[in-house]
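Structure record follows, encoded as structure tokens.
Note that the chains are named A, B, C, D, E, F, G and H in the order they appear, and that numbering of residues resets to 1 at the start of each chain.
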Amino acid sequence: MDINALENLLTRFKEGEVSHETIFEALRKLPFEDLGFARVDHHRALRQGFPEVIYCEGKTPLQVAQIAQSICADGAPLLATRADKSTFAAVCQMLPDVEYDKVARIISRVDENAKPVIGEVAVVCAGTSDLPVAEEAAVSLEVMGCNVSRFVDVGVAGLQRLLSVVPEIAKAQVIIAIAGMEGAMPAVLAGLVAQPVIAVPTSVGYGASFGGIAALLGMLNSCSSGVTVVNIDNGFGAAMAAWKILRATNFN
Amino acid sequence: MDINALENLLTRFKEGEVSHETIFEALRKLPFEDLGFARVDHHRALRQGFPEVIYCEGKTPLQVAQIAQSICADGAPLLATRADKSTFAAVCQMLPDVEYDKVARIISRVDENAKPVIGEVAVVCAGTSDLPVAEEAAVSLEVMGCNVSRFVDVGVAGLQRLLSVVPEIAKAQVIIAIAGMEGAMPAVLAGLVAQPVIAVPTSVGYGASFGGIAALLGMLNSCSSGVTVVNIDNGFGAAMAAWKILRATNFN
Amino acid sequence: MDINALENLLTRFKEGEVSHETIFEALRKLPFEDLGFARVDHHRALRQGFPEVIYCEGKTPLQVAQIAQSICADGAPLLATRADKSTFAAVCQMLPDVEYDKVARIISRVDENAKPVIGEVAVVCAGTSDLPVAEEAAVSLEVMGCNVSRFVDVGVAGLQRLLSVVPEIAKAQVIIAIAGMEGAMPAVLAGLVAQPVIAVPTSVGYGASFGGIAALLGMLNSCSSGVTVVNIDNGFGAAMAAWKILRATNFN
Amino acid sequence: MDINALENLLTRFKEGEVSHETIFEALRKLPFEDLGFARVDHHRALRQGFPEVIYCEGKTPLQVAQIAQSICADGAPLLATRADKSTFAAVCQMLPDVEYDKVARIISRVDENAKPVIGEVAVVCAGTSDLPVAEEAAVSLEVMGCNVSRFVDVGVAGLQRLLSVVPEIAKAQVIIAIAGMEGAMPAVLAGLVAQPVIAVPTSVGYGASFGGIAALLGMLNSCSSGVTVVNIDNGFGAAMAAWKILRATNFN
Amino acid sequence: MDINALENLLTRFKEGEVSHETIFEALRKLPFEDLGFARVDHHRALRQGFPEVIYCEGKTPLQVAQIAQSICADGAPLLATRADKSTFAAVCQMLPDVEYDKVARIISRVDENAKPVIGEVAVVCAGTSDLPVAEEAAVSLEVMGCNVSRFVDVGVAGLQRLLSVVPEIAKAQVIIAIAGMEGAMPAVLAGLVAQPVIAVPTSVGYGASFGGIAALLGMLNSCSSGVTVVNIDNGFGAAMAAWKILRATNFN
Amino acid sequence: MDINALENLLTRFKEGEVSHETIFEALRKLPFEDLGFARVDHHRALRQGFPEVIYCEGKTPLQVAQIAQSICADGAPLLATRADKSTFAAVCQMLPDVEYDKVARIISRVDENAKPVIGEVAVVCAGTSDLPVAEEAAVSLEVMGCNVSRFVDVGVAGLQRLLSVVPEIAKAQVIIAIAGMEGAMPAVLAGLVAQPVIAVPTSVGYGASFGGIAALLGMLNSCSSGVTVVNIDNGFGAAMAAWKILRATNFN
Amino acid sequence: MDINALENLLTRFKEGEVSHETIFEALRKLPFEDLGFARVDHHRALRQGFPEVIYCEGKTPLQVAQIAQSICADGAPLLATRADKSTFAAVCQMLPDVEYDKVARIISRVDENAKPVIGEVAVVCAGTSDLPVAEEAAVSLEVMGCNVSRFVDVGVAGLQRLLSVVPEIAKAQVIIAIAGMEGAMPAVLAGLVAQPVIAVPTSVGYGASFGGIAALLGMLNSCSSGVTVVNIDNGFGAAMAAWKILRATNFN
Amino acid sequence: MDINALENLLTRFKEGEVSHETIFEALRKLPFEDLGFARVDHHRALRQGFPEVIYCEGKTPLQVAQIAQSICADGAPLLATRADKSTFAAVCQMLPDVEYDKVARIISRVDENAKPVIGEVAVVCAGTSDLPVAEEAAVSLEVMGCNVSRFVDVGVAGLQRLLSVVPEIAKAQVIIAIAGMEGAMPAVLAGLVAQPVIAVPTSVGYGASFGGIAALLGMLNSCSSGVTVVNIDNGFGAAMAAWKILRATNFN
């Protein structure tokens, strides 16, 4: 069963023409590729709209390369996060056309034929040191087909820097707000705009920042309601959440 | 300056006809009411689309009642969370037409003339003990004009219960997934659907659940990417985030 | 040795006319009163400018009353914090002219003849629920002879509330900034003013606020530099620190 | 006293023919070898059915080699965990026939004459990054004479991967379920099968995984009852527990 | 489809006569009863050999009673843990023949016709204060058809008390070892016997026991290998794990 | 075997006339009384010089009373800590001559014929609120036959109070230093004297004292070396340690 | 608008001649320089009296150098903390006249024309290992124009060392007290002097010092009231707070 | 004033012939040497019987060497802990006759003329990996003039190893019991002997041992009463405490 057939089936399921027993049976039988050390989830693209993303930490460069090859075998886009240079080298040998962003630590291959996702995500970060996390979010979004606007170093210590860009930020549909240390910026920003704000605590700081716990707790307790939070330094996770929101938007 | 004028100004700001200096000056001069013990933020409705919500814990019944009266003075809807019976009694004396949901612990008054929010939120909870948090989310959403579908007691200990309702859940645009103990359900659910999943850890559990820390950490580390998280037991926060997502959707 | 003699000695010590051996011997021999269960430090007023303050929690009402009587025996002012009504009743029986502030939970007797402290302290709190801590700070300062200006419910969720009072706050010499939940307000405020900011985290919040840990960590990691922090809910401690700063000011 | 004699005594003890005073005196007098820096417990094999296992971390390569030599002196099997290459080199010099598994980090020598343990253990792990812990468990079991079936990369993010192997997993008598990040897989699996599930949290993850705490807490709070847990990354401990269960089985 | 038919199907599945697709489809279609606030998992008995167990905390007495009625409707045994007296009263009104053990806080109804589980579990506890947890384990096991032997107050402070009962303990197939404070007993016991030891930390203690964390960590780090651990105070969980081990034994 | 015979045997063991096998066999066969819910360790007096002490929390009044009766059956002294009034009432019914100290929360019966322990223990506490812990230590020591000198409210906030009593404190052989909040007093005191200092952190404090963790950590990290620490609020444990030191002293 | 104009405006604002709307508009329109990866806050000098300080950790040497160049472009003083040698090298290339203090890890350029700040700060540290933090505080203060007196290795383990310098310390207007391990020195010192004490916990210690948590908690719970605390190892933050206090002093 | 004069004065103070004012004045005027980066406490030997001990971590080799030289200038013994090889090299250049123990990481010079301390300390450790901590304790004691007996690798996993040496251990006057992982050995040992037991948790372990927290908590919660605890890995601190106990013994 190829992708088009499945997409067709999925559409009919949404319209009630196909029972959920049918659709689940179909999905469960979809091949995933067992590489021995990994089972590549080939129908994640169908369930969720984007293929499996490789989290490189804890995997050997060779393992990443083999998983990447399996994912790209049928032309799917590639997104591999937390990749160091040696991993990039290993993937390059198998897939010469991948790109590497060394700030974001992302290996990627964009699907040129993919439909762009309608809407825009603002990636806002409080300090220069938060840039790697911000770029992980921004580059992930771009690989997944989103428009991204970036706002760097707008922490609350100099509030006028944030205030001056709020109108620009407010042009996006979804906001990713990234901060380390006390992590106050997302709460302040969420009080000023109407958009969904996804907060990303970073491990930037020292001492009682406890590797990002201070920022994480601050964001979870935001007095501005409606802020949601992802794991410390998880730029990719925030990107994925923003992308899902935009796609939910596009469906209506 | 009344609401229509401001809405008009806001629209022109979006279209670039009005500078951000103008809009900010306008907003900053909006009256807020200083009750001595509280400053009621009357233009939150303008910035964010819904008036200030009262978090009742730590406030006396009289304080809540006076804030509620201030909010409702010009016909705005009311949403007061974590309210006990004595608070409800105090509010009732000033605003006889409010309603009280004792499971959700919410005092509310719906604005009958408000436009309904387009779209639907699925509120899914893992166990019966999670119901108060689930109802806090669901009732909040209903007060804010959203459609809600409820799915109770579908934790992963009996996976078939969850699998059997996934197709129903997947009809919503946004999913709020609530669980205590190990908090695994949102991760499992997020792997099965394409919608944004907002996870709410609850304090249900004992011993090493540490009042919801176990569930919170589980959700922050979800291997299904794109799950965002709010504070422990924060049903209202999840509702507000879902509502913002739907409104972002409606804007397009 | 009476107070004037000691004040005289202390002055000469500051001027280098008296050796530190002399001053220390003098101080060490000062009587303190041994009540059996407490040793009342009668020369704290000399070392630090204000007599011993009674922290009532963990002491029986009778113990507090006896310590209070010992402190007030020679007309000294009284400040007893974290006092409940039954403690107030016990103290009243021995010292009928004391006053009780039930929000601040402070029993006090002002020394009418004391010189007022020059300068003013701004006590700023983020939410209505932070009021008891704010009043503990404010009332403590007033008992110690300071001028206090109060600013309530100016949290960052509605930034315009804070911005509108910043010029008023900036008229004080020292600022006490009090917040629970994510505790972001002191960092934002400290970025806008030049005064020393003493931040007080409060236990207001729930779930991942962990009884004030989130706010405490946020304040310790403030990206606005120069913020200092006291213990959770420690309004009195902040007041004492502010008072010491003003007195250091007055010395010059 | 040789092994057969002790086994005989142990059997009679089980049958009530020998008093516990007798058996304890016998056991307490068994020689252990004092190497100065270690006391090799030579009758652990009698008490528990397998000789002392060497945990290599914190020991010098020479210390490990000397302990290994002492254990193997009378032909006993060898199992040394958390061994790096230099430790392997040191052991090899004394015991040339040992083997080294570099993924599992185990040095071993199998007792060819040992009776195989009846039954099978399924070693199931959620992600590719969990492989070293899974192999520590699997190789340990194989050295101790058990049959092992391996299931890799079946985390809950792609539930169909897990569901498709549940019937195979359910052929084992005992299941070891290994996961990092949110650690949800063991809870989901335990809800689907009747076998005892021993959960192993791993330190795979970042940020709020806190080196495996998130997975550990998740497993301890599993809503599927009857899941037991071992220390973070403790593949060997899970293997030992599974082996004890199989042996208890074999006794009946 | 009734229970016998399913049992038959299950047996054939084990023997390879029925595919796993068939068995899963059958299982997924089994009715569960939707009570609105709970979905009673009626085929848990088939998957796992014992019906759903009710954890009463966080549920109203009426909710527990209705779930209990649903479980018992077709004669199934009942096990409800953490039940207080008012819950017992509510259940009694619907199911007059249930029993209540006030130390174990368990409401139960034994299935008189159930086959007893072969084998015995030793429930060992370190101190008198651990008795409620020990009884939760022991009574749960008895309701599930196991033989239980109890050993109370055999902590390591008086080692002879433990040594004197080790031979008796060693007659069981599985050992549940329960301790609070430093939680050392399970590690000591596991070093003396060959059986699987399931350790249960209790919240008995004060100060740096942190509600059972000290005992929990102690057990997770046991130097005697092969100890597995359940949540703090989770007597029932240990019972369920022991019961699964015995059943795995019985299958062979 | 009565106590004198055992004392004799113990003496000969110390002198090398009796082997350790003999002494252990003798000790292991000593009766302990199995009350069903408790095993009273009757030869602890022989091993350690004082009979088993009852920790009352988590035990019912009746259980305490029955254990107390068992301990006192042969005239032994009684020490029961953390006892509330209802427990005292229950013990009184069986043992009318026991005494109750309501500050220390200790039920006791002194053995009038016991030899006094040579030496003296100074019990020093930082604040009035630490008195219950100090009295638990002091009364325990008195029941065990030690001389105690008490020093109350000598915390470091008024250093002269501590300095003035250091010479008196230094007359004791062992010092128990008790403090809550930041717990600095034991470190300061240990820098001034040569005696062993046993530090007891108390739960006195609030906010970031975290129930005594701050004081506990402070004491564990004392820059004055040689300070040892017991559990939070564990006055009895400190007393027992001091008593063992004095007895070790007396042996020489 | 140049600095003198702003200073003039600021003064008139203090005197009530200029409205806060005016001053805020003026401030918000001040240029900040957007370097792409950083927004240099050029009017911080106006709001707070000293230009933006660069926290170097997490920034590349080139980023630091570019920010430094931007700050110094108009002759402003430079303060860059946590700078390693390679950062110094990069800054030197652009700004050859900067200095580097390798103990304090500070890159600086003093503004020779700046008015000195009136008053003196005592920087007191408990141990030799605390020196880097003490120097970060002292050098920061000197760059900002303060007089500093240093007191090293005066921890409480040898109280006479501290007592002998108290009179010297008491000549300063503000005290910075730095300690690791148990962190007791600031509490002891604050009990002896009348000045404001800013406590800095350091990460000096091991084991249960938990990277400075023990000292941090000790300082937050100081029984000497009025002690304020900054983040672990945050010498610069303490310096900034002390500087703000002195400036507040100078205003009067 | 030389040492003999002070010893004489101290003795008279003990006998009441000299007032505490006299003795304190004498002590306070004793010279300490100010090296700029350190104040060497030369009369610690008088207050406490042994000169200042150097904790080397966080100090440069040169700083250690200079402090060592200052201590040894008048022939005093030297004890420097946590010393690496480069520190030893630096000290050697100034003091060629010092010794270095690389397992204990101690630099020392014994005072050959010092009177030996009467009594013996048993240093007992649970595992081979605990040896460095055990040697830190043992070597420290030997440098301070104590007799030490060592017992290695007697953890509770093989209880017979511990039981077989208990009679030997019991010949000492004081016991230092060292363990990592779950830290159970000190509790078990303390239940078997009458001597004071000083427990030292070590950082040996992984995962949920959290760098020694598990062992630390276990020891603080020991069900065998009278166990006192020092910081994680603090072999020296335990040695100092044991030495103080022996000296207290010798005084009588």
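The working rule: contacts are C-beta pairs under 8 Å (C-beta built on N, C-alpha and C of every residue); 3 or more make two chains touch, one makes a residue touch a chain.
Bear in mind that the values here come from a model prediction, so they are computed numbers and not experimental data.
Visitor: Could you see whether A-B or D-H has the larger number of C-beta contact pairs?
Guide: When D-H is set beside A-B, the one with more contacts is A-B.
Visitor: If over half the contact pairs have to be identical by residue number, which pair among A-B, D-H or B-D is the repeat of G-H?
Guide: When the contact pairs of G-H are compared with those in A-B, D-H or B-D, D-H matches.
Visitor: So subunit B and subunit D: same face meeting same face, with over half the numbers shared, or different?
Guide: Same; most numbers are used by both subunit B and subunit D.
Visitor: What whole-number Å value describes the gap between the mean CA coordinates of subunit B and subunit C?
Guide: Going by mean C-alpha positions, subunit B sits 38 Å from subunit C.
Visitor: How big is the gap, in whole Å, between where the Cα atoms of subunit C centre and where those of subunit D centre?
Guide: 59
Visitor: Let me have the rounded angstrom distance from the C-alpha centre of subunit A over to the C-alpha centre of subunit H, please.
Guide: A distance of 54 Å separates the two centres.
Visitor: Specify, in ascending order, the residues of subunit C that touch 2 or more different other chains.
Guide: In subunit C, residues 127, 157-158, 163, 191-192, 207-209, 213, 216, 220-221, 225, 231 touch at least two other chains, as defined above.
Visitor: Enumerate the contact residues on subunit E facing subunit F in the complex.
Guide: Touch list, subunit E to subunit F: 127-129, 131, 152-154, 157-158, 160-161, 163-164, 204, 206-209.
Visitor: Within their complex, state which residues of subunit A touch subunit D.
Guide: For subunit A paired with subunit D, touching residues are 27-28, 30, 32, 36-39, 41, 43-44, 52, 55, 57-59, 63, 67, 201, 203, 211-213, 216, 231-234.
Visitor: Hey, which residues of subunit D end up touching subunit E in the complex?
Guide: 13-14, 20, 23-24, 47-49, 53, 118-119, 163, 166-167, 173-174, 191-198, 216, 220-221, 225-231, 236-238, 240-241, 243-245, 247-252
Visitor: Help me check something: in the complex, which residues belonging to subunit G touch subunit F?
Guide: Contacts found on subunit G: 126-127, 155-159, 181-184, 187-188, 190-192, 205, 207-210, 213-215, 217-225.
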